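By written order: A, B and C. Residues from 1 in each chain.
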Amino acid sequence: MAPFDVTYIFLFIPKLLSTIGVTFVIVGGAIVIGVIVGVIVALPRLYHVPVVKRISQVYVSFFRGTPILIQLFLIYYGLPELVQGLGINLSKVPVLYFVVFTYGLNNAAFFSETIRASVTAVDRGQVEAGYSIGMTGWQSLRRIVLPQALGIAVPVAANLVIALLKDTSLAFSLGVMELTGKAQSLGTITQHFIEAYVALAVIYLGVSIALEKLFGVWERRLLRYDLANHRLRDALLWRRASFRRGGDAIGMGKEEMSA
Amino acid sequence: MTIDLGFMWTAFIQLLSAVPVTLLITGVSVVCGFLIGAVIALIRMNRVPILHPIAVSYVTFIRGTPMLVHLLLIYYGLPMLIDAVAKEVGSGFRAASIPMIDFVFLAFSITSSAYMAEVIRSGLLAVDRGQLEAAHSVGMTTMQAMYRIVLPQAFAASLPNLANNVIGMLHGSTLAFTVSVVEIMAKAQIVASTNWKFLESYLAAAVIFWGLTVLIEKATGLLEARVNLYNRGGVA
Amino acid sequence: MIRLSQISKSFGEVQVLKGIDLTVKTGEVVAILGPSGSGKTTLLRCVNYLERPDDGVITIGDFSVRCREVGKRDIHQLRQKSAMVFQHYNLFKHKTALENVMEGLVVVRKTPVDDAKKRSIEFLKKVGLGDKLDSYPSQLSGGQQQRVGIARALALNPEIILFDEPTSALDPELVGEVLEVIREIAKEGITMLIVTHEMGFAKEIANHVLFMDGGNVVEEGSPDDIFNNPKEERTRQFLQRLSREVSTHSSINLVATGDENHG
């Protein structure tokens, strides 16, 4: 390994930034898939649909209960094997698709819990007040429950997105040239590993802080009615404390109360 | 659909031999992380001069960067540092003689410490100030008040987050495969590539992690029910 | 006019309402008294269909539903005829006072926004909150929140307003302002059904008083009948206990006020 040389850090940063697009594609794609699948997975539990609700629970439990790294390998290597029998050939599909798909399914589990928990966290009296002035179920969901649930969900979702960003570093293990993959190859070529990883850390840190600030602005807008900032303060505290799974402040991962 | 259940069972059995390594990594990083985290939390809550801003930057840095990067920095950086120091003091010690897994322990303890610091801090902040005052009012010393009143409540409040972090470290321990420590993930890779059965091997690994995670969740649930007895019925 | 007949409701095994009959004439104020757990809240919630009665008929104005064979449409239509003032206010937390009052007008009654706004301001002024239009519930005291709740109900001009212990969650010093507002609207001939523990208030504004216990109406009559010559033993006992509690409460309040002056 070559002796430490600070100038390499500055040299590497722009080189790494050239691959940040790939990282963003993974993050963005996973959010889109995660939200769509997350809503689908949350619905049967919110509406207590028998059987389907069980399937949702197992889905969420599996994706929250196993490491993302194993999920990546399982889907990248396992899915083609699995569907081969059905006559589908996935061997030509680029690895990035598998990666985005896996992070998407993984996040769907977390998003669905966030959605479910934040909708459940809205005070029952709010819906009743909606009914009492003659709203239909749909009207009170759309005008009363969802806006308040969004205020509760966004701080948790922020946590998830930042965790997702950091998790994308694992995509290198399947050979995807995102930030971490690039850092590794720069290290190997120049033998300046430490400088490469310091540069990498700086970039992740910058993006994390930027995301945190952006979400902060959004949260304050959404929760502007909560003037004592109770929700906001709690959300921030809990968010900082939680590693990946987030949202216990609103009872995520807990069984729903009997309806 | 072609899952070879017979082989999945074989893989499962083979993977079990790597479970202790995974649990060891998890255990060490959780315990060391908690201890370091407690120190950081105390520094932050008492606003210790000089150390306070350092603690804040430390937590921000660790939380803002992936666990994998911590591992890589320690894995590549520390030996270089150790060898340089050894050379300086004329010692014959070489970093190469340090077992790989120690780097993993150190790196993951650092990762875990930053999150633990926040868990502890938020747990303590969750305890109403009035509780400490009430303890003083019945004549307890601050020490007694902490032990008997504040800490039990803080523990109850932070239990869910604590469990989350333990699970986070358990799942994170799979990263050790990048520095060739043979925990469950690395073992699964070996089993997969030697038998050319990827689906079954990773599925078996997933099942083990799933089981361990559910176990931690259930245990936490039981513990929570006990610890939170005093909270019962408060549906405010 | 609203008429309930033979309303019954069970939660699991427990029958909470055992065939309640009740008529409230237009412009009348009916007060419901009764011990805790007697089913007062449940009855009120049934009128608004926040709780689904098992059996009986609910008639509000010219609209009538049989609880056994009720459809979604009917429930929605029935709800539009009444409005509720909740014990814990239940203001929409993410909306200002003005938006809270406008919500029902705009979304349910499809009133044009400008008209809804004008009307809402008018009602907020009426409950004494003309200067709090843009405040969020979290910025209002309990008494102010409850007055917004009343304005929200009034603005819809329902056939009847249901009050469930509208002052019982309030600090003692805030009770007066809310009762004052209710008193005012009672004078205007708004039909009201009120569950309350404020005996003096019930005596003063109610045209008719019901005493409930164990899911039954034990006794009903004019305020004078019920408060001064109760016929049933249970009513008598309840009223006695209530007046004792009220006097203990006020002595506690005196002590609390004294404390505040010192601190």
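Quick notes on this structure:
Everything that follows uses one rule, which is that contacts are C-beta pairs under 8 Å (C-beta built on N, C-alpha and C of every residue); 3 or more make two chains touch, one makes a residue touch a chain.
Because the structure is predicted, anything quoted here is derived from the model rather than measured.
Of all chain pairs, the one linked by the most C-beta contacts is A-B. Note: the chain lying farthest from subunit B is C, by mean C-alpha position. Chain closest to the overall centre, judged by the mean of its C-alpha atoms against the mean of all protein C-alpha atoms: A.
In whole angstrom, the spacing between the mean C-alpha positions of subunit A and subunit B is 20.
Remark: subunit B and subunit C have CA centroids separated by 53 Å (rounded to whole angstrom).
Put simply, the C-alpha centre of subunit A and that of subunit C have 45 angstrom between them.
With touch defined as above, subunit B holds no residue shared between interfaces to two or more other chains. Those residues of subunit B that touch subunit A in the shared complex are 1-3, 59-61, 63-69, 72-73, 76-77, 80, 115, 118-119, 121-123, 125-126, 158, 160-161, 164-165, 167-172, 174-175, 177-178, 185, 188-189, 192, 198-199, 202-203, 205-206, 209-210, 213-214, 217.
The touching residues of subunit A, when paired with subunit B in their complex, are 1, 4, 61-62, 64-71, 73-74, 77-78, 81-82, 84-86, 166-167, 169-170, 173, 180, 187, 193-194, 197-198, 200-201, 204-205, 208-209, 237-238, 240-246, 248, 253.
Subunit A meets subunit C in the complex at residues 123, 125-126, 128-136, 139, 143-144, 147-148, 151, 224-228. Remark: subunit C residues 48-50, 76, 79-80, 82-84, 86, 88, 90-96, 103-104, 107-109, 136-139, 152-153, 156 touch subunit A in the complex.
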